[in-house]
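In what follows, structures are represented as structure tokens.
Look for chain A in each of the two complexes below; its partner is chain B in the first and chain C in the second.
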Partner chain A sequence: MFLLGFLTRRLAQGAVIVLLVTFLIFTLLRVIPGDPVRLMVGGMAPDTLVEQIAEEMGLRDPIPVQFARYMSGVVQGDLGQSFVRPASGAAVGGAAFDDATRGERAQVLTLIAETAPYTIQLALLAMALALLVAVPIGVFAGLSPGRWPDRVALYLGSVFVSVPNFWLGIVLALVFSVQLGWLPAIGYENFAYTILPAIVLAVEIAPFIIRTLSVSVAQVMRESYIGAAAVRGLGQTRIIMAHALKNASVPLLNLLGVQFSLLLGGVLVVEFIFDYPGLGLLTINAVLQRDFPLIQGIAIVTSVAFVMINIFVDLLATMIDPRLEY
Partner chain B sequence: MTETPLLDVRGLTVEAGRAEAAPRILDDVSFSLQAKRILGVIGPGGSGKTTLAHALVNWLRPPLEVTSGEIRFRGEDILAMPSDRSARLRGKTIAYVGGDPQGAMNPTMHVGEQIVEKLRAVEPGVSYKEARERAVALLGAVRIPSPEQRFGEYPFQYSGGMMQRAMIVDALIANPELLIADSITQPLDVTVGAQILKLMRELSERFDTAILFISASLPTVADVADEILVLEGGRVAEFAAVDDVISRPRHAATRKLIDELPKLWHRDGMTTAAATDKAQTVLSVQNVSRVYPIKSKSGLGKPKLLQAVRDVSFDIHAGENFGVVGESGCGKSTLMRLLTALEKPDTGHIVFDGEDIFGRGRAGTRRFRREVQLVLQDPFGSLPPQSSIGEIISEPLVIHNEGDRRQRRTRALDMMGEVGLDRSLYESLPTRLTAGQRQRVNVARAMILEPRLMIMDETLSALDQTEQSRLIDLFERLQAQHGFTYLFISHDIALVRRVCARIAVMYLGEVVELAANERLFFNPGHPYSKALLSAAPTLEDRRYRPEDCLLEGEPPSPIDLPPGCAFASRCPSAFDRCRKINPQPVYRGDHDRAACHLLQPEPVAS
Partner chain C sequence: MIKRRTFLAGAGALAGFQQLNPDFFISSAFAQTGKPITFLSAENITGNWDPTAHTTLSQKIIEGFVMGFLARAPMRPDDPGEMVYELAESMELLDGSRLQIKLRDGVTFHDGHPFTSADVKATFEYGAQPDRPAQWYPGPTDSFEVTTPDDLTVIVDTSKGGYSASLFIFLAAYLPMISAKDIAEGPSGALTQRLNGTGPFRFSEQSGNDTVLTAFDGYFKGAPKVPGVTISFVGDATTRLLSMMNGQASIIERLEPEQIETLSGRDDIRISKLVSVENKYLWFRCSKPPFDNPLLRRAACHAIDRELIYEVLGESGHPSANFISPIKFGYIDLDNYPEYDPDECQRLLAEAGFPGGQGLPDLEYITSVGFYPKTKEYGEVITAMLQAQGFPVTLNVMEVAAWNENLYDRPGGGPGHMIDCGWSTGSPEPDLVLRTHFHSGSKRITGIVDAEIDEALDRQRSASSLEERERLLQTELTPMLADKAPALSLFTSVMVHAISADLDGLFLYPDGSMDASVATI
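This part shows the complex of A and B:
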């Protein structure tokens, strides 16, 4: 009963959020300068043709009308077609306006569905690597506040957080791909291509996990029930594993939710550097080409992911700590 | 005595660090406790009671450490044992219950599971099923209703009294030989605390457990213990049988503890400020109610209603001391928020000085806010730590735009003199002040605007007996000088007995009785008033025996109030009508009234 009410309420809220985000992006894209039709048809096309195509595509209608038309497609699972990308997968740009092979344009949903798995794979690996390093350090630091593990964690965190990701990406690529030849760096052919970008992202996320965890563990360890547990006769291992870590995990969970959403939303710089074919790269290209439907599609998908992840995290948090109410 | 005592403490000294000048928290403390006996430990705040308890269960935290002495348990020194052996005593043979039941268990695990976890940690052979059965049986034995269901609930779903029972179960489930009970009734309401005490005595007999019972309240200790150890400044002042300590105190510290106890049933020496007959009404509360909607957890369905204050009416006259008493959850705090216009009542009116406090416009509200001032309970949370004491006291003048900088300083300094704060403290931060000094700062801050009504919401509850007496004297002096009217909101029946001329007793949001001091204490009209009086800790002969009046169980939730009298579920004399019809107030004399079906109206004295 609680679960049902929770999901209904949160999904309804989420739908409103997604709708607002979409409308905002939709409007912004249309009021900024730059005509996508000109980009689509190429620089050589006559102005009358540009106008004609724009009319046909409904781009000259009032924005609310366009939005309504767009949303009616979205609810049926149709995110529209890319302005620029041909369905055949041919290269973008530089072609004449009457090239017949480019007549049919790619479905936005297909484009996203093709790239998203790469990003999800990258995000999961980055998250796993970050947790692998950060959780032991964070817990250890939290258990001995002010002593050396705490300080090591602090210094390590400061170093990690201040390394610029583009620099780290390039250095790692130079060392591991160019010099040692252990790992591939550019593009994607198999799982090995995910490792270097994932390391860069993990270094970026790890300091936040370390910090959050060490603070929350230290805080829980000061709670009276932890001290009382020892007096009640529980062993130290049991106190830490069953009581302290469980209670310290809620702030971490919230952080992970936000971080994971950010990763899914496209890690622009890192994907660009490694030419990794994920959502980030797709977004960059879509923006450069003023590919409105694609940008919108990505925005909707990522905001849906954001909402779903948050609902999931909050649900998990209430299961850990039943006092929470979301 | 020839047999070895169960616990034999010799020359125990605890210091804060090893430095030469390290403060001694416990100084050469020696006593012994025989098996199956109850030893009460008493002393004023800061006398080292809790440090003693912690030392016995090996829970001292740095910088505190035992620097000399022995703690012999069955003849063997715990302090000299290898740590794994002393760890095995913990929880199994020596159990501990503290004064913070709500904080003593992991908030995210079921209470029952934690009791089972503890039992299986100290008795590894016990199966989960057996442990669960033992836990449920004991939860039932300490009279927790429907223990099967309560087993699977979280600590936050328990009330304070219920949680304390669960902690007692947790301590006793492994059949310990010694139980250290540190201030276990302190956070509880008197009626609930009295139940817990009764329970302790029964359990100690049933399980043959020796108990070291620590408390700041002499009557409470005298009630349960066989012998009493009086601590003062970390030293043993006196160690003797209860009757000897009470009737023939040998040490000055003991005599002081006894003398400071407020007297409930002495008729003389009461100096409660009463209003003269023609005194004008300062504050009039007329049929005030406040209801809070509580959203169900899923957010669906109709919100439930929490009836915090129900149809409350009373008048406060100029120059009198008016008291509101009741236990936690009775609506005192909500009432305070309504009276200070922090919240609006849903129905009814609050009239101050002939004008409704919510219909006065901006200027009128501002005037109201200076004429009614509030002093709260928590001496630590109520002062901004970053402001100097002078700034804190003169801030109301700044807010109300009075005087220039110099005049404000002069007035603040005068005020500090009046409340007994050293003027040299003007520039210092409140960090180092004691609780009593902090409350003086709060009083000075409230008084500097020369209000007409001062609302004291549990102002004295956090202070020890000595400091309470001093502040009461201060309040009386200030009242004589400035002619304030005081409203005391408190759970402490002894306090209102001492200072209030008229007292309203609240139960579950209602004023069940409103009476003059004398009548309430010597001829209470409502059974709940009687129960409160019977549970008040005192060394005097009780007028109302707890056996006759004391309540079983705890107040029902204000969310699903039963029809009829709210008190019926705990009332020893409830009958059919009580469960159907909520009694109307019955007048006894001119002003006094109580809401009980058993009362007959008394004719107005002509």
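This part shows the complex of A and C:
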């Protein structure tokens, strides 16, 4: 019963958030400079043709009318067609709109479905690598507040958070791909192509995990039940693993949910540098080409993912600590 | 002391590790022998494979691998007019308005269809239709007639259009031959869906941003040595460079000057530099004030010191003083080409009624960043030089899509007052540049309408011989353009490629096209 009520409430809240985000993106795309119809019809087309096609496509209707029309398609699972991409999915440009021989446009949902798995794989690996490095450092720092492990964690986190991702990406590619020849760096052919971009993202995420974990472990270790556990004769390892870490994991879980959602929508620079064919690269090309339906589709999908991941994380948190109420 | 459970867990983990294939995680980044050529393109393609539907250079390069041409033009500076026959065995002017083309026997398209004179006729008649976006022909379909006495003979008669049939000679190096069968299928047919040519590589698939080509065993000059070519659009110059350095790419294009420096010391990479067919221009918007006044256009030209631009460009630019590249037919260093002359600039400004630039409206100079090398940098230099002479100019640097949106002329004049752009056509034919940009029937970027220029363009097009045409180009048309200055050609681009040292036998054309039919890797 709790589960049903929880899901109903959170999904309803999530739907409102997605609707607001979609409306915001939809509106912003239509008020910024740059007319997508001009790109579609070609630079030499007269303004009258631009206006005629824009009106035929409904792009000159009031924004709320356009939004209502768009959402009626979205609720039926239709995110529309790309303005510029052909069904092959290639990033394109330069053709004329009134060219009757132009190929069919790609479905937005298909483009997202083809690229999202690459980004999910990248995000999962980045998260795994970040946890692998950050959890031991964060736990040791939390167990030794004010002492050298804590200071090392602080300095390391500061260094990691200060490194620009584009710079790190280029350096890693130069060292591991160009100099050592251990890893491929550009594009995607197999799993190995995910490793370098994942390391860059892991370095971005790790400082937040280290800080969150060190603070929450330090806090938990000061709780009275930890002292009581030692009195009960439990060993230090057992106290840390079974009691301290479990209780310290709730804030970490929330952080991981947010970070994973951010990764899905925020891997733009890293995917661009490594030419990694995920949602980030798709988004960059869509923005450069003013491909409104594709940008909107990506925004909706990532906001839905954000909402769903956070609902799942909150649910998990209440299972770990039943006192929590979301 | 090791517990039994700990020991078993450790032993199990060790056994499991030995079963893992580490190749799954880590594979060598270095190039393997016998693999396809991987070319990283700086520009994306269009959504339409019809060769007459675009003027996009990256797609022309792909067509160069797949499609067949009657002849190819190597366009080297020592012999710019050289033509090497491919699908044609000979081209002969029967008289001023009739060109006879004899075709090679035994050539087939990738779909197995034989290549005959019917395909040439269909290609010419289809490509010259007024609604085709790539307008490369000297006149529309109804201005010439193509007859096919037999399967291997084509006669092009241009007497209806009143221009010389010799114009089709240089065009032969630029027009990919399309199957008549594909053309007959119409707009919704195979023509838009894939490339079907007679070239050394057949179109296999478009997978995302990768165009995959495989060797065509039935190629009339013999099967290619490499199994295929993959052309990938990679928008970032640094990413392309890294791909070259780690061996993932076999060839990359449009290197920035500092990238040339980075790569030139390496044994595994060689640098190819070719004076290209591409000139870079400062185009004036001639159909609206103030640059509808030729005095002001010339004043602006005299304000620009091109020597400073060459310094910014380094190895990416080649000096030239004409509106076409030095490797185009009819090139000559023009005596009256506008050179840097501040006094002449001020004199012209005063004559135009704007002494010292006073009274001029605010001017916008549009350029792009991300495609051509150093556009932003030399754009800033040009802006400063114009400002120094009193032109109230603001530089507007745009990303490529926005710049493309603003590039062309439109009714009432294109956006801004000046815009930067290059123009590259893989043929020695000068009209592919001159007529396209300066005839009032096209006026693609400048918007210029000038009866005298139209007449000069038509006169050289209608010349009875190549010698006469060359004379008219060099003594009448291009000097007139230098006087009226609808644009200023800043320099000729140097096409710089980085090529894997183990890739041999690749021939590069000055428009960026490649012949990999005998290449090995």
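To be clear about the criterion, the second predicted complex is superposed on the first by the 312 of 326 C-alpha atoms of A that agree within 3 Å, B and C clash if a C-alpha of one lies under 4 Å from a C-alpha of the other, contacts with A are read in each partner's own complex, and residues count from 1 in each chain.
Please note the rule applied: contacts are C-beta pairs under 8 Å (C-beta built on N, C-alpha and C of every residue); 3 or more make two chains touch, one makes a residue touch a chain.
Being a predicted model, the structure only gives us computed values, none of them experimental.
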Quick one: classify A:12 as touching chain B (first), chain C (second), both or neither.
neither
After lining up the shared chain so the two structures overlap, which partner does A:132 touch, if you call chain B first and chain C second: first, second, both or neither?
neither
Regarding the shared-chain residue A:273, is it in contact with chain B (first), chain C (second), both, or neither?
second
Could you say whether A:182 touches chain B, chain C, both of them, or neither, answering first, second, both or neither?
second
On the superposed three-chain arrangement, identify whether chain B or chain C touches more chain A residues.
C
Once the structures are superposed on A, label A:159 by its partner contacts, choosing first (chain B), second (chain C), both or neither.
neither
Counting only touches as set out at the top, which of chain B and chain C does A:28 meet: first, second, both, neither?
neither
Applying the document's definition of touch, where does A:2 land relative to chain B and chain C: first, second, both, or neither?
first
Spell out the part of chain A that touches chain C in their complex, as residue ranges.
34-35, 38-39, 42-48, 84-86, 88-96, 99-103, 105, 114, 170, 173-174, 177-178, 181-187, 190-192, 195, 272-275, 277, 284-285, 288-290
Complex interface listing, chain B residues touching chain A
57-59, 61, 90-92, 95-96, 98, 100, 103-109, 117-118, 121-122, 154, 156, 170-171, 174, 296-301
Which of the residues in chain A come into contact with chain B in the complex?
1-2, 4-6, 8-9, 223-225, 227-235, 238, 242-243, 246-247, 320-323, 325
Any idea which chain C residues touch chain A in the complex?
24-30, 44-50, 53-56, 59, 131, 133, 187, 191-193, 205-209, 211, 232-236, 238-239, 242-243, 245-249, 399-402, 404-412, 414, 444
